[in-house]
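After this come two complexes, each holding chain A, first together with chain B and then together with chain C.
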Partner chain A sequence: MLFSGAALAEKTKSISVIVHADNTTDTLTKKQLIDLYMGRYVAFPDNQSAQPVDTLTPEGLKSQFYKRLVNMPLSRVNAYWSRVKFTGRATPPSTQDSEQVLLNFIANNPNAIGYVFSDSLSLKDKQDVKVIMELYE
Partner chain B sequence: MNKSGLLLRLAISISFAAVFVGFISSQVFFKLAYQKNLDETQASIEQLYEVVSPTANIAAYLGDQELAKEVINGLDNHQAILAAAFISEQFSIRSDTYQSTQNKQTEFVVSSPFMPSEQLGTVIVQHNLAYIEKDSQIAARFLSNSLLVQAFVVTAIAIFIAFYFITKPILIIAKSLHSLNPGTARRLKKPTFHDKSELGNLVEDINLLLDKAEDQISQERLLRSEIEVLEKRFRLLFENSVAPIILMEPRGNILLTNDAFKTLLERIEQPIKKNYGAILSELFETPELLTRSVNSAFLNDEIAIGEHRLKFKEENKTIWLQVVVSSIVTDDLKSYYQITLNDVSKKRDELDKLSRRADYDALTNMTNRHAAEKQIDQLVKSKSPFIFVLMDLNGFKQVNDIYGHDAGDEVLIFVANQLKQLTPKNGLACRWGGDEFVLILPGVDHHQFETLAEQITTRIVKPYTLVSRQANVQVSLCMGAALYPYDSNHKSELIHLADKAMYAIKPESKTPGGRSLAFAAPIDSLERKYE
Partner chain C sequence: MLRLLCALLYLSSFFGICAERATISGFGNIGAVHSNSDIYRFRTDISRENDNFEDSIDFNAISSLGLQTDIVLHPDFDFVGQVIYRGQKHITLDDTLSLAFLRYKPTPSWEVRVGRTLLDLYLLTEYRDIGFAYPWSKVPTEIYGLLPYRSLDGADFIYFISKGALDYRVKLFTGESTSNIALDNENVELTIDDVIGLSVELSQFDWTLSLKHTQAKTKNNISTMTSIIAGLQQIPKQIWPDKTQFINDFSLVNKTAYFSSAGLKYDIGAFTFLTELAHLRSDSSVVSAVKSGYISSTYNFDKGQVFYTYAIAKSKTSEFNDAVNIQRFLPNQVEEIILAVNESFRVFSPNQQTHSIGMRYDLKDNIAIKVQLDHSNINAQGGTLWSYQGMNTLAPKESFSTFFISVSFTF
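Up next is the complex of A and B:
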């Protein structure tokens, strides 16, 4: 936590899965999270539709997230989507440019779900979004 | 065709063996290939599934039927797979050819691509057993076909080799053997390339055998020619023998005769027959005698030799044959008689003549002293009583002196004829010598003889007309008689006694009316008288 920004520290940094503060879902199992992000389900367990979002920055966040979620490198995740996209049965998560943009998007979108490094969350952020899960190495 | 007997059999044997081995091996190979195909199919299906499993996992995970169909199609396309089915919580997809009952299928578990522990469904792959079987059959057929081709080629090569290295040389050997005569100097040639082979050895052995055969045959030929020469000589001897030779069985069946025998048969006017009785007895006058003499000779292990008369008379003359019979026993214990005949008639004739000359007096044709003495010997030997009469002519010397010897001879013949006529049949009259005559009368006593003596005297004292001189002459006689065995049982003594008696009466007999017969006095008294 003390060495923010350091590449080495990325791996040890926890990742928080966040939803809109009003979202009724307070917690998710890892399987439920996988099913949402890998396109199996498009709704939260309480049937509220879900819109998973990836972020491009900071560097390493997305890859760490998928590594911790499904234990796959991004290349394989991309391969999975390229195969799935072909039939149109499922769609990959949408993408936001940065954590801040993502936070804003979730704050304004009750159906959205995303992830950030836990130490990126400010107190102000925590008023708008809700952490429902933390992923560790 | 005889030629290919060996080859045909070889070809058939090899072909049968090849077909048998081919059949068995193709069966075994089919089983092996089928099992191998099954294993390979299993492996390739597993491999194939390995390829499609991510897609299958995703399809099950997302419940994506399109993706699942892709998986099924992908599996279906494989030759070794008959059908496939994809069963998950959300869907169940089967290919058209899927069979509910299938003995060979493989099930694969479909799990979540992200959580391998989470099972989402099953993929069932049914193996294409028909394809596997067909594939195995094709492989096995290929093998058996190649074996068949190989067998054909091997058979052809074997036949070729057998023909060139075995059959053809054997045929050549057989052909030259066929045209070869044992005993000649010709030998078999070894076939080419067979100097050291079994066939070469066979030819060597055959040639050795031929050597032996030639030796033996030439020896036999030599022997045969010797025998032929010998036989020719024997035949010459036999055929040209003057004496008839007959070989017969003891019962009389004639086996062999020579020309001389046939000539003899012609001469005695007998038909040629197979049998003339035992020892030709039919031909002889005295068959019992012949048989008896032969039997007794054989009993004594001797060759029977005897002279016998033939029944047949040639111009009233007896034919005498010397018969020599020998018994032959062959090695196989068969008995034969060998008969040799010699015509001894001539010899007999001469002997007869000789004996006649010896026994008869040529002038008077009456027995002579020699014969008379023989007769006495015989009578003495058989102890038959007889009377011996010695007589002497009186007046014969005067006839001789006056009229000559011819007249004397005439008188002697006259006297002899008278004596011959008066002598009884069993008696013998003989000219003892000069003007002496003898009578030997068996079974006549001196009374009987006195009567006979009177008759004799009467006849002889009758005047006799000489044929040559036309003159009458007269002789008288005196007789001395001795009786056997009364007077003596010795010939010389008997003669002596008769002589004495005759001389005793001689003077009286010369006187007319005087006695002319005197009997012998007993020796004792006679001797006493002379003493």
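Up next is the complex of A and C:
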């Protein structure tokens, strides 16, 4: 019962897409975010190269992000990437261990883009990174 | 070309020391195939031998293992190297190396790749050996079985632009490629060079329209053809005045082959539809004009996919007797040569169709189990996509089923 409660909470939490505070991008369309995270056009709207980043924890964040982004389970996202990556077209997003490591990484890399559960962002985080989009269930 | 590839490898190893990011990953497929035909044995394409006519279960035909390294050398440069084992008889660097290219990507919109890339002939050619990438146990043989070539040693230029809701991707490539062709009693090498190809894709994330055209020159005759041509040269001109023209048409040397395809992939709700039409022809009479195509529909659910595919390949085979005005009552040796010529006309001449149903279930995010049942109808003399012991000119009509089970994974 506890497990299902936690899973339900994850499903209803909003996800914030974040970039470095100095990044000139203020907002993205869903198509632009799909292009960035699916290796199609890995750049911000001003054509600056982007560095998308995934995170391993908390559990459920990555799967919720891709479910909301492309409506696919992670296995199908991986199948998609296997045909993009192993044909030499593009490389998938790099991976950070946790939300906090991801936040530090983005705070130090002007071209990076990542995502966290919105309620994980502290006031201090919001000085270093900028929320450019929110994804809801 | 191999020297250039080795130089790229060494160069990348050197730069690897100061690489910004280097990763190693891989993919594989462990599978078994069982067919209830006593005559035809499954093979993924005509480069593969399958002389396993004794055992009823084949563990080799769809099994493969690939390893890849991605090395970011500089924000604008990266190197990708990949080796793949898919049952090659000779495990040499040249036979197993499927990717070894240096990429220069100064802007997100365009890139240049130099070295060994995957030959982008049809919609699925680049990833047909990566089982985890698609729901089926293997890509439709009717289109892909006649393409032995995997890699291209050369260069390509790719331009990608996103305008409004649509994405456009244009790719130009050039180079050469070599592959083996497994015949009944020998394995021969056939090189194509002066390859020039164009691929245009128009897409959104949930659909892709792809148009591709490639031209290439076949560089050499396969060895049996060399002997046949030597035999044809011996026929006196008195009994065959058109001999020179026939031999010129028959030879593969310096003849242009044309590969064209149009494909559409469309995701709508829980369904994915995929269809492709392909046309292959050559200026040599040995390669029949082949029209092929497939349509596949897949139902996607949480952990898996269920699919149905129909694929067909049709070709019109040249006939020696149609092609020449040759006198009757020929000496025995000439009759044998005619037989050999007609045999050659059937090396690249499939006539068959297949209905497939199957399922993929994702055991983990990177491991999938797949089962597939094919029912194939092979026309008489049309089974060139299969391994067959005997003369192609005598190959019979056959209807049979083939069962595939496999586990595909990435790491």
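Keep in mind that, in the parts below, the second predicted complex is superposed on the first by the 132 of 137 C-alpha atoms of A that agree within 3 Å, B and C clash if a C-alpha of one lies under 4 Å from a C-alpha of the other, contacts with A are read in each partner's own complex, and residues count from 1 in each chain.
As a working rule, a contact is a pair of C-beta atoms (placed from the backbone, for glycine too) under 8 Å apart; a residue touches a chain by one contact, two chains touch by 3 or more.
Bear in mind that the values here come from a model prediction, so they are computed numbers and not experimental data.
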item: Three-chain arrangement built on chain A, chain B and chain C clash or fit; value: clash
item: Contacts of A:Pro73 with chain B and chain C, given as first, second, both or neither; value: second
item: Of chain C and chain B, partner touching more chain A residues; value: C
item: Partner chain(s) touched by A:Lys31 [first = chain B, second = chain C, both, neither]; value: both
item: First, second, both or neither for A:Gly39, with chain B first and chain C second; value: first
item: Which of chain B and chain C A:Ser82 touches, first, second, both or neither; value: second
item: Partner chain in contact with A:Thr91 - chain B first, chain C second, else both or neither; value: second
item: First (chain B), second (chain C), both or neither touched by A:Asn47; value: second
item: Common ground on chain A, meaning residues reached by chain C in one complex and by chain B in the other; value: 31, 34, 38, 40, 70, 80, 83, 87
item: Partner chain A, residues of chain C touching it in the complex; value: 21, 23, 25, 27, 66, 68, 70, 75, 78, 80, 82, 99, 101, 103, 107-109, 113, 117-118, 126-127, 130, 132-134, 160, 162, 165, 167, 204-205, 300, 302-303, 362, 364-366, 368, 410
item: Complex interface listing, chain A residues touching chain C; value: 31-32, 34-35, 38, 40-43, 47, 49-50, 70, 73-76, 78-80, 82-83, 85-88, 91, 94
item: List of chain B residues in touch with chain A within their complex; value: 54-55, 58, 61-64, 66-67, 113-115, 118
item: Chain A to chain B touching residues, read off their complex; value: 31, 34, 38-40, 69-72, 80, 83-84, 87, 89-90
